[in-house]
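Chains here go by letter, A, B, C, D, E and F, matching the order in which they are written, and residues are numbered from 1 within each.
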Amino acid sequence: MRIFSITTNSNIYASGSCNAYAGNTQVHCAASFSNKVPIFLQKEKKGWISAEYAMLPHATYTRSDRESSSKPRGRSMEIQRLIGRCLRSVCDLTVLEGFQIRLDCDVIQADGGTRVTAINGGFVALAITFAKMMQSGLITKTPLLNKLCALSCVIKDGQPIFDPSYQEDSSADADINLVFTHTGHLVEIQGTGEQGPIQIQSWSDFITESFEKTSEIRKSQNQALAQMGL
Amino acid sequence: MRIFSITTNSNIYASGSCNAYAGNTQVHCAASFSNKVPIFLQKEKKGWISAEYAMLPHATYTRSDRESSSKPRGRSMEIQRLIGRCLRSVCDLTVLEGFQIRLDCDVIQADGGTRVTAINGGFVALAITFAKMMQSGLITKTPLLNKLCALSCVIKDGQPIFDPSYQEDSSADADINLVFTHTGHLVEIQGTGEQGPIQIQSWSDFITESFEKTSEIRKSQNQALAQMGL
Amino acid sequence: MRIFSITTNSNIYASGSCNAYAGNTQVHCAASFSNKVPIFLQKEKKGWISAEYAMLPHATYTRSDRESSSKPRGRSMEIQRLIGRCLRSVCDLTVLEGFQIRLDCDVIQADGGTRVTAINGGFVALAITFAKMMQSGLITKTPLLNKLCALSCVIKDGQPIFDPSYQEDSSADADINLVFTHTGHLVEIQGTGEQGPIQIQSWSDFITESFEKTSEIRKSQNQALAQMGL
Amino acid sequence: MRIFSITTNSNIYASGSCNAYAGNTQVHCAASFSNKVPIFLQKEKKGWISAEYAMLPHATYTRSDRESSSKPRGRSMEIQRLIGRCLRSVCDLTVLEGFQIRLDCDVIQADGGTRVTAINGGFVALAITFAKMMQSGLITKTPLLNKLCALSCVIKDGQPIFDPSYQEDSSADADINLVFTHTGHLVEIQGTGEQGPIQIQSWSDFITESFEKTSEIRKSQNQALAQMGL
Amino acid sequence: MRIFSITTNSNIYASGSCNAYAGNTQVHCAASFSNKVPIFLQKEKKGWISAEYAMLPHATYTRSDRESSSKPRGRSMEIQRLIGRCLRSVCDLTVLEGFQIRLDCDVIQADGGTRVTAINGGFVALAITFAKMMQSGLITKTPLLNKLCALSCVIKDGQPIFDPSYQEDSSADADINLVFTHTGHLVEIQGTGEQGPIQIQSWSDFITESFEKTSEIRKSQNQALAQMGL
Amino acid sequence: MRIFSITTNSNIYASGSCNAYAGNTQVHCAASFSNKVPIFLQKEKKGWISAEYAMLPHATYTRSDRESSSKPRGRSMEIQRLIGRCLRSVCDLTVLEGFQIRLDCDVIQADGGTRVTAINGGFVALAITFAKMMQSGLITKTPLLNKLCALSCVIKDGQPIFDPSYQEDSSADADINLVFTHTGHLVEIQGTGEQGPIQIQSWSDFITESFEKTSEIRKSQNQALAQMGL
C-alpha cells in the first residue's frame, strides 16, 4: 500500500474540500450545496448528491486534450457515475430534502487509483459539507448513515496487488475496484478481466482481505475529520 | 429466468447479426469488420473490437429523447465500454491484426437486462463475423478463445432474483451484472448497492449459482451458432 | 412494386407502433403522445405532430457512423421534416389541442424508399395512437381528416420505375417522391433531377398512375388498421 | 412578380459573387474554388459543387438566434442540399475534376422566396467563377451545360400566386418551388400542402406557366452575365 | 485614414441598423430590443446590451469555414465581448430596465479594422434603436450618456499607422485598438506586441493624436444620426 | 501588492511546471513539448507556443459549471489567446522549429488577477521546459529573448489599485492589465472602462509605476528559476 494522506480545506470557496494523495496520485475534491434539486426528484421528498470527475491535461504521463475542447470522455462519465452512486449509498437522502450537493473531483496527477482516491477524498469533502449545513441550521441531523472507503486492486499471475501504481496496473491480468463502508460492508465492486478471466481463489477471503487493506485509508479519513472537529 | 432466444441474420448488410430477446427486452446486434484500426494500436500487431450501445426513443416506458439530438448519455457510454471490454477478453487480438470489428447493439425494447442481453447477442454476432472472415480467407483461424455469456441479478431482502424485469430491478436493494466464459470463468463483475450494502452470504456460492443460471442462455447461443454451421 | 407489409404493435411501450416492410427495407415506427406542446404553438388552440427519422449504423450496405456521435445529418433532417409535414396535412390539429404526438421512424434496413416506407408505416402508427387517445377519452373525435400513402419513383431512360430498390435508385436519372391521401389527392411532391432534367411526358398521367400504384400499400394499411379494429 | 435584380461582384475576395434581390428579399451569393475535393469523390474523375445557406440573425421580422450558437437548423440544411443539387444538375462535373466550388448564400433580408433567390443568384456567382477558372487556364471549357432559374409559388383558394412575399406565403394552402433550365426543362420540383391537398387543375399548364413567369429573372441573370462579358 | 462611411437603415426588420464601411471593410450592424433580460440581471434594476460578431465565409481573402459548422472561434468571442463592453460603457443601463438590446455585427468584407468598424457602426445602430424605443414610449429618456468612436492602429518601425488595411496590419510590429467617447475620453485600449515590445515614445501624445484621427469617423456618425433626425 | 510566490515542479509529468500564488489566487501551470506543429505553420521554419486556460468549478465563490459540459466560455478563450500571445512575444520561434509547446493554466482558486498570475507562472513553466529541451539536445540554444511579468490594476476614484483582489476589482471604475519584459518594455496592455472612462492623469507615469510594482514578482520568478539552476 502506498502512503495515503488527506489535506482538508484545500479550497476556500467550497463548503467542504480536501486534496487526497495516494503515492503520486493527487485529487482535488471540492463540494458545495445548493437548493437546485434535479428535475427527476421534484416530486419526491429527497435531496441529491452528484459528482463530476475530470483530469487536468497534464495529469498523465503524456498530455491529453482538455476535456472541454472535445466530446466528453466515456471513462470520465463512467467514473463520475460510480462516485455519485457510492456517496449516495451511505446517505439518507430524505434528510437532504430541498438540497443538492455537487462534488468535483479534479485529478492533478494520475499514477493509478484515481477513482478510488476520488471516493476516499470525496467522502471527506462531503462529510465536511454536511457539518457546515448543520452549523447553518439548514439540516437538523447529518445525512450520513456510514463512512465510505475505497480500494483498487489488480490480479497478476494469480496474486492480488493492492493499491497499484499506473505501472503495476497496466501490466496486470485483471482489475478490481471495491468500495466499503467503514463497518466493512461492500457497496460497490467492479471487476474486469480484459486480459483474461478474473482468477480469485476464494472471493470471500479476497473481499475480507481487501477491507483490511483499507485500514490506513480509514485512519487518514478519520484523522482528517477529527481535525475538522467531526 | 425469462425466456431467452436469438434470431440470427436479422440484418442483411452486417457481417454477423442477430436479434436477442430476454422476456420483453429486445436488442438488435449487428457487427461488421473493416481495415481501419484505431490510431492507438497502429504500432502494435493487434486488431480491435469495439461496441456501441444505444436505445431507440421508444425503447422505454416513457419516450426518451433521441441520443443524437442531445449530448451522449453517460449510461450508454458506460455500457458500450463494458460490452467491448468483455468481447475483447475472450479473443486473441493478434489474430485480428489489421482489422477492426464494430458491433452495434441497438435496444428496440428495454424491460431490464439490456446490457447483458447485448453481450449475449453481441457475442453471437461476433462469432458469425469471425466465421465470415475465415471463409473469405482474411484470417486463418478464429480469434475466439472462449464463448461468452452474461447475466443480471438483483438482491432483494437478502435474496437474489436472477434476470429481473425492469419492475423487479427498480425495487431492489443491489444490482449485480456478471459475465462468464462458457467454461465458467468470470470475466467481469459489476455490483452496486445504491440502496445500501450488497448483502451476499457466500460470494463463491453466489458466483457458482449465477453461472449455472446461464445454462439456457448458453444453450440458445450454441443453437444459434449451430444453425450457422458453427 | 415490391411486397409491402405492416406488422402492428411492434413496440409494447409506444401508444401506436408498427414495422413497415417494402422489399428489404424495414422501418420501425413508434408514436406516443404527451401534453408538452411546442412553445411556438402555446398561444394557438392547436396540438402538434412531429417526426424523427434516423438510420441504425448497419442499416446500409456499408456501416455508417451512428448519428449520435457526429453532427446531425442534413439528409435525416430533411426527411423528418417531410414526414411530420405530411402527417399534419391530413389531421385537424385543433382536435389535438393540448397534445403533441411524437413519431419515431428508425430504419433497421435501407434498400431504397425509406422515407416513403416511414410515411406509410408512420401513418398507421399515428392512426392507432389517435384510437388509443379516443379510448382514453383524451380527445372526443379522431383528428384524422384523411388517410395517407406515399410512393417513390425514379425515371430511367424516360420511363418511370415505381418503388425502386437502392440499386435501381442509384443508377436513375431523376428521383420523385409522392405523397397522397387515400382519396387520391396529392399532398407532397419532391422531384429532383441531379443527373439531368426530369423528363415526364404528361405530368397529369404520371400523377394518376403513381396513385394507382399505391393500391397494394393502401390495402396493407387498411388491413393493419382493421386488425386493430379501426 | 416582384422586381428581381442582381448586382455582380458584391464581394471582392470571392471568385464569383453577386447580391440577388427579389422585392425585400436580399441574398449575398459568393463562390470560390479550391483543389480540395470531398473524400467520397476521390476515386472518381469528377469535381464537386456544394452550397451553404444561412440567415443573418436580423434577416427575419423577429430576430432569430445565430445559427452558430445553436445546433444547425433543419430548414437551412434542407435548403442548402437543394441549392447544391440544382447547380450540379446543369454542370458537367468531369470538367471540374480536381476542383471543388463552394457557394455561400447568406440571407441579409428574408421576405419570402429566399431559397429560389439563392438559386437565381447562386447560378450567376457560379457562372462567373467558371469564367475566372477558364481565364486562369485551370479548366479548358466551361462545365455549364445549361443555365438555371428558380421560382416560388403558392396556391391560395385554388389560384397560383407567383413569387409571393412572406405575408402571402404564410396564408396560403400549398407551397411549390420549381427550378428550371433556361431552355425550359424542370430540374427540381418541391410541392407541399401542409394546409391540405395541392389543388392544381392541369399540372402541365401550371409547369408551363411557371416557366414563363421566370422570364424577367432569366433576363436579369443574362444581363448580369453580359456585364461580366459572359 | 481610409474613407469611412455609414448607410443607415440597411435592414428593414431591425430596430436600428446600418452598413459601416472603412475602405474595403464592410460590416452589417443591426440591433433590436426585446423584454428578455439575461438571468444574471433579474434581481437588478438594469437592462442590458449585448453584441454578436461573426464573419461571413467569404469575408476574407481565403474562404474560412462557416462559424456555424464548427466550434465558436476564440477571436470572434473576444471581439463580441469587446463590442458589448464598449457600448455599455456609454449607456445608463438603469434607463433600459426591463429591456435587452441585441446588436449583430456581421462582417461582409474584412480588410483590416473590422472590430473598430463594428463599434463605429454598432454605436449608430444602437442610437437609432434608442430613438425608436423613445418614440414608442418604452423608455422616457435616452440611455446614451456619450457617443462612441473607435480606431485601430499599428506600429511599424516605431511609427504609428492609423486605420491600417489587412496588408499593413499583418506586417506590423504591434497592434493597438482604441475606443473613445466623442468628448475624447478613452474607454478601452487593447495593445498587443506579438512581434516585440510596443514602442511608443509618448503615450499621452499617442492617445491624443489617435483621438484626433477619429474626427472624420465622428463626423460620419453624426451625419448618419442627423439624417435620422437624431 | 499581495504576496506572490511560485512553487516549481508542481507536476511530475509536465516538462516544466509550477503553482503560482497571488494572495488567495492559485494557478497550476504545466507545459510540455511535442513535435506536432500546427498546420498553419507547416510551411514556415518556426515552432509554436500555445496556452490553454480554464477554471475548476469551485475556483470561484459560487460554483460554476464545468467548462467541459457546456460550450467553451468566451472569457476563457480571450484569456488563453492573451497568454499564448505574450509568451510568443519574448521567444525566437525559429529556434523552436519542429516543436510545439503547450502550456496549461488551470485556476484552482480565483481571487482576482488570474490572467496575470497565469502569465507570471506560465513564463516560469515555459523557461523550465526550454531548459529541459536544451539538456536533451533538442534545441541548441534557448528561444527566450526576454523574461516576462504581468500585473493587473484597477482605477477607483481616479487612483490606481495594483494587484487587486476580486472584491476590489468588482467595485472599480476601470480595469487594466499590463504585461512587461523584465527589461521594462510593454508587450501587452488591456484597459477597459465598462463603468465609465479610464481616468489616468499621465499614461507614461502610470506605465512606469506599474512596471516598478512588478519588482517582487520578478524577484520571485528569478528565485524560482535559480532554484532550477537557470
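The rule we apply is simple: a residue touches a chain if its C-beta (ideal position, glycine included) is under 8 Å from a C-beta of that chain, and two chains touch if they have at least 3 such contacts.
All values reported here derive from a predicted model rather than from experimental measurement.
Steps from chain C to chain F, minimised over paths through touching chains, total 3. Seen from the Cα centre of chain A, the chain whose own Cα centre is farthest off is D. Look at where the CA atoms of chain A average out and do the same for chain C: the two points lie 50 Å apart. Centre-to-centre separation of chain C and chain D, using mean CA positions: 28 Å.
Note: centroid distance chain A to chain D, computed from Cα atoms, is 58 Å. Residue positions of chain F touching 2 or more other chains, listed in rising order: 69, 71-72. Taken pairwise by the contact criterion, the protein chains form one closed cycle in which every chain touches exactly two others. Read around the assembly ring beginning with chain D and moving next to chain E, the chains appear as D, E, F, A, B, C. Note for the complex: chain D touches chain E at residues 11-14, 17, 24, 28, 30, 32, 34, 52, 54, 56-63, 66-69, 72, 102, 104, 106, 108-109. Chain contact summary for the complex, chain A toward chain B: residues 71-72, 74-75, 77-78, 80-81, 85, 88-89, 181, 185-199, 202-204, 207.
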